[in-house]
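Two complexes follow with chain A in common, the first pairing it with chain B and the second with chain C.
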Partner chain A sequence: MATQDQIPPTRAERRQARRIRRFDNPWLNPKLLWGAGFLVGIIILGLVGRMLWDLELVFTGSSPLKLPPIGFENLRGQPGVLEHPLGTDGGGRDLLALIIIGAPNTLFVGLLASLIGMSIGIFLGFSAGFLGGRVDDVIRVGADVMITIPPLLILVVFQSAFGDVTLTMMALLIAGFVWQSPTRLIRAQVLSMKQSGYVQMAQLSGASTGHIMFREMLPNLVPYLFGSFIASVTTSIVTAVGLEVLGLGPQRIPTLGRTIYEAINAGALIQNLWWWWGLPTLLLGVIFIGLLLINLGLDEVSNPRLRRLS
Partner chain B sequence: MDKPVLTLRDLSIEFPMPQGIVQAVKSLSLDIHKGRRVGFIGESGSGKTTTALAVMQMLAEPGRVAGGSIDLGGTDILALTEEQMRGTRLARIAYIPQGAMNSLNPVMRIEPQMWDGIIAHEGHVDRATLKARSDAALESVGLPKHTADLYPHELSGGMKQRVCIAMGIILNPELIIADEPTSALDVVTQRQVMQTLKDIQSQIGSGLMLIGHDMGLMAQTVDELAVLKDGELVEHGVVKQILEAPKHPYTQDLISSVPLVGGDSFLNPDARADAPERDSPEPLLRFENVRKDYGAVTALHPMSFTLQGDTPQIISIVGQSGSGKSTMGSIMLGFNPPSEGKVLFEGQDVQAMGAAQSLDFRKNVQAVFQDPYACFNPFYRVNHALKFPFKQFGLAQSDAHTQTAMEEACDAVGLDPDLVLTRYPHQLSGGQRQRLIVARALMLSPKLLIADEPVSMVDASLRASILSNIYDLKDKYGISILYITHDLATAYHVSDYVMVLFKGHVVEAGPPKDVIGAPQHPYTQLLIDSIPWPDLERSWGDGRDNWDPTELEAEAERAQAVYRGDVPGFDLVRI
Partner chain C sequence: MGRIPKAYLINRLVTLVLTILIAATIIWIIPRLSPVDPAEIALGRMAAGAGAVANSEEILAQLRANMGIDQPFLVQYFKYITGALVFDFGLSTAAFPTPVSTLIMNALPWTLGLMILSLLITFFIGNLLGALMVWDRSPKLVRVAIPVAMVFTSIPPILSGLLLMWIFAAKLQWFPLTGAYGLFVEPSWTWAFVQSVLHHGFLPALSIVIVTFGFWALGMRGLMIGVQGEDYVKLAEAKGLKPRYILYRYMIRNAILPQITAFALKIGLLIAGQVLVERIFAYNGMGKLLYDAILNQDFPVIQGVSYVIILITALSVFLVDLLYPFIDPRIRHEAG
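So, the complex of A and B:
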């Protein structure tokens, strides 16, 4: 180690040093950075796209029908054109415009639903773990019962009853089904943390219940909360897309799921209009891989044993 | 003399870390001969366990043997393949782990767990032979045969540890490595387990490598002693020579830091000062027929006492684990409501206080807990633990005042405030953290401090200094202290009054010179006899061979409580 002071470091040594710095700051691990990069990419696509692209093209009949992306030909032998670089669908909508609006919408539903779900989960989990007794029984049994109910089934019924819903409404409905696992997770953590020395110390210091919950316990739960949040974003998006592909959910707002529904409905599969259903699916894939990488990266943050030097 | 069982030559072990290479063991050379017991003593982090694991080839990643050789009765351990090493473990080297409670499979009966070892080394063995061998092994550690059919949770800690010993010796290994085999057990069980280990080791004639940090235990158990400090072997020799004429200053420290009953006090007698006046005529703390049940079990039988608190005193509560002493502590702190009776603090019922009274009670009754690692919130710098209560109780006049108070408190417990206050808990050692907790209590200047095993998880060399910190506070700040411990030697030195608790009853109480210096109740005698003294003349109590704690405990249960005189200011109601 001491020799490094005299001799300029070789490239291998510099790389090693960089790895070590990354090891020291777990938030800079490559998985987390890549995952966050994917999601930020989707958001940037939405923001930049809104500025540069003509969004009027999402309306039915605004463009020629069934044009392929640039560099491909459709069954009728028409080549892709520059006005519609990703092609158009069977209703004459521009796919680039659909994606620019639809992909951030899908992400928005997922994030909002799990944000609400997590808040409910944190509140209920802390109440159950901290107060114990009857409150704990009610919350625990409630969460356990809710976990056994398949959310898609109930949501199908709800959505058919509501007819057309807004994105926010949809997020709220989904949030009603993603609070159970954070509740259970937080309850378990709070129960074990309640016995810990520093909580007892805080009690000895005359700390209020609120202080103990939010200032002493919550900061130590942050890695778990993040992990749980990402997991429920994934669940929420899967549920939302599931509903949309079934033709439920918002009728007039483009989302990735709705685009896939229309593609299937119009027989895009047999007409070989692969770009119609393929591009939204690809973007969903990017979102899920991004979420997965973030989750793996967060695991390394909260569990140092998973970190490796090389 | 024949060839040694284990030869370590210039053994170096290192851990490459992001911060650089940590040298855990630095060129250590040592022989362990057949039938000899060699103790490895040193503080945590001195490389004792690392050496043992290297011999087993079980070093945790990324540790590696950097140099030297390990020779086990002619076999070069470092040259063995993974499969050969597997064959060597247990058959030639047995490892008895620290926490026996975690070493047994909770869903398997004892018997099949013992058979696993035999089958793994000898292939198929018929059932009758297996049974005969496991029974013989259990018998050799003094456990009844039917233990084989029990699950681990049905055994006590001492029995589990003995099962681990039985498993270790089932293949008659050449070397037994015991890594702090009794650190989780109380003194009575410790003595029992160590005797079992000694007996079985001399029976099969293997070498024993005993790892520990307790000089007394070593003196009573081993033939040779190796003292390790920061990965270096600082002294090695026959126990007698090391105990009587230690050469290295560190060894001298280790020996002198063991408090003895009747020996020199480690306390500073000059710290006495006039205590501040109390403003309440009511007694500081009063137990009125306090009883505590956990389900059908009575942890604490009705007990009444009054602690006046006009002159600060240290009242010690001693007993084994399960004697109800920690229950008493949590009842006093109001964490745990008594099943019957009342705890009065300055005349107020602890369980029926309003918000303002409760805050006042919290300010005046503080605690130091056993585990200094758990007492700090890992999220905050350590000064949070000191700053927060100070502000919460309205003692802080300004931020600068808080800062000065924190610095003064750190100085008082012998810590450098600039060095420790802005660190995170994991950056401090156990001793530093425990001192900070003492400093925290000091800043609040409570009237009553409950110290629940404050030094049992701290390295031996630090125990004396932390206890004397606590002791000095008593007179300097007029704090009455309830010292809950299983360590009779320290209780002897620090306390003004001692209560010995046995299964929730007070069995002997009085001034420490009487109760611990000349115990009369059989249970107190049992406890004192179980303390391993760092003194070869005093062979573990009186050295009787037929020492049977179960019988002695039964005798203790029949005996009447003994009250040995009173101390003004503390009044225990005799039952």
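So, the complex of A and C:
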């Protein structure tokens, strides 16, 4: 930090300065771009994969069992083959096809659940902070109560009672547990903004409540909203994967969590079928690290003091 | 309760009771909305065991009466809530006629033991590392830990658990793959048993530790930066106290306090994550009990396990909130 006014600047500093001149837009910081790149990569994998790869291979028994990825050998000494570049699982499914369908599914559940959760959170947070009184009490206590309940356990009860669910259904269920944090965050922000000059000015000039909420206050919250959104995507995916690893969640649609569940159940660890559980794990890792980078990047957007030259 | 205003205490108590009540109610309502009839599942299990079941209508009616699901919903609900207060969730349907509470009492010590152990380790390592990240005398290498800690924090413990299992249990075979103690060891207070428990518990604990220490380290780092500039630290330096003494007695001691409230926010996620770790390691705790119950469609057990875990979470949050002013006398709770 203190090296800023040293002369001459180091190479890293010059590079950073160049980067800042080029992207004088805080939204284009490298962490945010890399993080978004990771997630876009997963989506592209899904889209391009669907066009280029034979998705019929995702069905059980469509391929030989337990083939390793190219360049490796399994315990029976079979080498990987070009038809199944990432190997096959114990049920004769092609892992590349599983991943092409499964990885975007996992992301989809996370995004949909938090989109709904955020919408609920924005609505409730604004109502609580802006209207105050009874409404505020009810919403605040509701959020406080729900925030201590781990979503996984309620959803375990739900899904074991109802059996199979669709991806959308699972996303809707998870959405019921990711509205609390945004609600609290937005409520706190709205409460402090309500005192600020421009909001009081708008009130005095007779603007409607809706106008003040969504045209005056909401734009100021955008970086917080994004941060909160990414945090709830992470929570949603962790919850969804948790359910899938317990054998719940969608039963007939490939997801990364379900692939891990099947691998553990089939004893893939003992049989050294590392690609079976390892590839889904790797992709989940990419998703989580991508989300983390986006979150760090968003921190820099909303908190300019974090933007450093060195 | 000298330091805690009454209004705050009442507010927290109401939240605690509401949390438990709402969670218990949700858990009770959900299976009743489901089209699946538990009596039919039980009958199905009988039929699977016996081939065919004669006069199945009568048996179904009797099963419903046994389970209490022929009564009006309000009566059922009242019975359930009063039962839940004394941890009576009825009998397990898969391990019939073992009471659910017995199964939970057998599993709970394992879960709590693993949780407390891994929490203590992460709290210690994480905070020390976080403090060293800021301390200007610590080796440069510690600073490398910042991005590493961040990356690990973003990963759920099942993923780290899988990786550790593969490397240390399947590949290197340093640790056993599954279970909480060896197959040939009798559970008793002998050294052999304790050794076996520690040996089996190492990987599950480690997989939780490596994904949670970063959370504490990064929090501690932020707090230490704040403490670093305080006057009392400057004074201590001017007095010529040993740097190490300043670090431990002046800086860490003051910075560590808010970390305890951070714990309250994390505990729900920690427990849920640990349940999954127990499931993949087939560790004899609540996670395995839950997983087996899901496999067997054993509803009383699923409900009981979920209820007990939610109860633990809510109680821990409540206790941390109340204990905090005693740990840090500078904090006073605002009433209301």
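Observations on the model:
One rule holds in what follows: the second predicted complex is superposed on the first by the 290 of 310 C-alpha atoms of A that agree within 3 Å, B and C clash if a C-alpha of one lies under 4 Å from a C-alpha of the other, contacts with A are read in each partner's own complex, and residues count from 1 in each chain.
By our rule, a contact is a pair of C-beta atoms (placed from the backbone, for glycine too) under 8 Å apart; a residue touches a chain by one contact, two chains touch by 3 or more.
This one's a predicted model, so the numbers in the text were calculated from it and none came from an experiment.
Of the two partner chains, chain C is the only one touched by A:W274; chain B is not. When the shared chain is aligned, chain C comes close enough to touch A:D144, but chain B does not. In the superposed pair of complexes, A:V241 makes contact with chain C only, with no contact to chain B. Greater residue coverage of chain A by touch, when chain B is weighed against chain C, goes to C.
By the touch criterion defined above, A:E216 lies against chain B but remains apart from chain C after alignment on the C-alpha atoms of chain A. Look at A:M201: by the touch rule set out above, it reaches chain B but stays clear of chain C.
By the touch criterion stated above, A:F130 is placed in contact with neither chain B nor chain C. Once chain A of one complex is fitted onto chain A of the other, the partner contacts of A:L152 are limited to chain C, with no touch recorded for chain B. If you check the complex, the residues on chain B that touch chain A are 18, 20-21, 62, 333, 335, 358-359, 362-363, 366-367, 369, 371, 373-380, 385, 388-389, 392-393, 437, 440. Residues of chain A touching chain B in their complex: 1, 20, 23-24, 196-198, 200-207, 216, 219-220, 309. Contact residues of chain A toward chain C in the complex are 141, 144-154, 156-158, 160-163, 234-235, 238-239, 241-242, 245-248, 260, 264, 269-270, 272, 274, 277-278, 281, 284-285, 288-289, 291-292, 296.
If you check the complex, the residues on chain C that touch chain A are 14-15, 18-19, 22-23, 26-27, 30-31, 33-36, 150-151, 153-156, 158-159, 162-163, 165-166, 169-170, 177, 268-269, 271-273, 275-276, 279-280, 290-291, 293-295, 297, 299, 302-303, 305-306, 309-310, 313-314, 317.
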